[in-house]
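Before any comments, here is the structure.
Chain lettering (A, B and C) follows the sequence in which the chains are written, and residue indices restart at 1 in each chain.
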């Protein structure tokens, strides 16, 4: 699935400069500096409470950083305006689906909101990619977690965003779905999207990540692009940060 | 805010002096024809109301600034101003019934200005409750509330003009003759002189609290 | 501009489709409004079982305000369930579109409930609904708009607050009481044995100015307030 022509000209990298976010006395993120490039899958690893979701929130423009800025391409978020969100797709761990609407209706609604041309074809293609064609007219509230996740992913990708943010996408997935998801992410990467996956499930992302950023207590401990299993790289990064 | 060092004690001092002199001026003012000596509570009641409404506008403007620019100082001013609306509003809501009891025979009447003033006061109490119980991010949320509070002020002011009520209308104040106007302006100035340092001190307190938060954050680094 | 309206329409339509399917909100709001009316009616009748004069108008608007608050809470609770409000905010539409969409859907719901409620009040209190139907409709419409305009803003901004159930009424009632009072006064002027349409018109004008102020303010603050 290639990004739209217009989107292809959107941005090649997302750069976080000195991002900090605090809530009163609680620091959620401290001076995170990171660059995510097109055609790469970046893993945001860390335990619960490390700040992964907050960072995803900031990258999606929903959360304002207390300090620092995010640059999409060469321009900071403030200069982009509302149009920036057309290039961003988010799969939150709350899935963003209306339980009372059918799978098809969910896709049609969000597609319409994003102002997509050839909406029907895209919705059909998305239903196929999610393997939900037979259940397209069932309400989402009756779907299992795995089915919902597949649909939610397609919803997030419907507008072919340049930046794809996934917050704990492997939670609750069975092995087959996890494999499918990984394959999907690889396709996105080949197509030139910037993909960021926040997770604490090392096994699921093994072999998938091109770069790894380790977050702990809001701090970026290490960024590495070296080889080895993800678990090994994470352990290594944590060890180094203590020395 | 280096000027604050001398500004706050000066204003407080002047205000205190003015309040000490005020009773004498008020006593010297002529008695109003229909209500007699009771009317003299007007010299504290109306300036409190004016100060409360002014503070509501300050809160609204500061809230607007905070929403647009997210400057911490704007947020501190909004919070301080909201607290002062509650304070001066309380004075209005206490002096009013005291006056009403003597002038109209009842503590409270369900008429326009009283109700809207009470509502405005309650709104700023709600503002403070949101701050207290709203958790993180309540500074942004309360800015929206502060804006609505400020928007209510013109309705408070115009309410007595719009329909015939027992309440004296706003045309009373501009038409005061000198013997009554002077103590009125004196009392008004005293209240405003009190308002400014209270606001500044409260803002400073908030800045201190914010600095403490920053220190806690820096400690973790 | 058309983009905003188009997106608002899509959001409103989505809400109405969901509501048409489950009818949860409509039935609950209606039931609660009727319960309100019954409770207050019992409180405001004299020994002979006749309602106090002027009570009908007050009871009507109180029922609208209480059931409206319930509907507000519920409609945003729905959006909270799968964090779909975030998804709406993630769309590349201007923030006011989300506000207008939710507002329109809520208005349709509230006005539908009011049709039934007004008829019920007319029945139970022998209120002269036909005395000035256009004026009455105008009062109900502008009053509901004023209430909902502030309500949607506050309910949306409290969505991520832990104490939202308590704080929504605490914040909403002081701001909307002027609207409710104007509505009551105007309706009373119409329901009086000797209807005073000029007075009702004055209250209608006041309601319209509230609406203008509240909607403008809400449109302006919705965007900034919804970004954390």
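What we mean here is this: a residue touches a chain if its C-beta (ideal position, glycine included) is under 8 Å from a C-beta of that chain, and two chains touch if they have at least 3 such contacts.
Here the structure is a predicted model, which is why all the values come from computation and not from measurement.
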Intersection of the contact lists for chain A and chain B: C
Core chain by centroid distance, with centroids computed from Cα atoms only: C
Averaged-CA centre spacing for the pair chain B and chain A, given as whole angstrom: 49
Separation of chain B from chain C, taking each centre as the mean of its C-alpha atoms, in whole Å: 31
Intercentroid distance (Cα basis), chain C paired with chain A, Å: 38
Where chain A touches two or more other chains, by residue: 64
Multi-chain contact residues (two or more partners), chain B: 137
For chain C, residues contacting two or more additional chains: 228
Complex interface listing, chain B residues touching chain C: 67-68, 115-116, 119-120, 122-123, 126, 129-130, 133-135, 137-138, 140-141, 143-145, 147-148, 151-152, 155, 162-163
Chain C partner contacts - residues on chain A that touch it in the complex: 57, 60-64, 82-86, 88, 90, 92, 94-101, 105, 109-110, 112-115
Complex contacts: residues of chain C adjacent to chain B: 150, 153-154, 157-158, 160-163, 166-167, 170-171, 173-175, 177-178, 181, 202, 206, 213-214, 217, 221, 224-225, 228
In the complex, chain A residues that touch chain B: 22-27, 30, 64, 217
Residue ranges of chain B in contact with chain A within the complex: 70, 136-137, 213, 216-217, 220-221
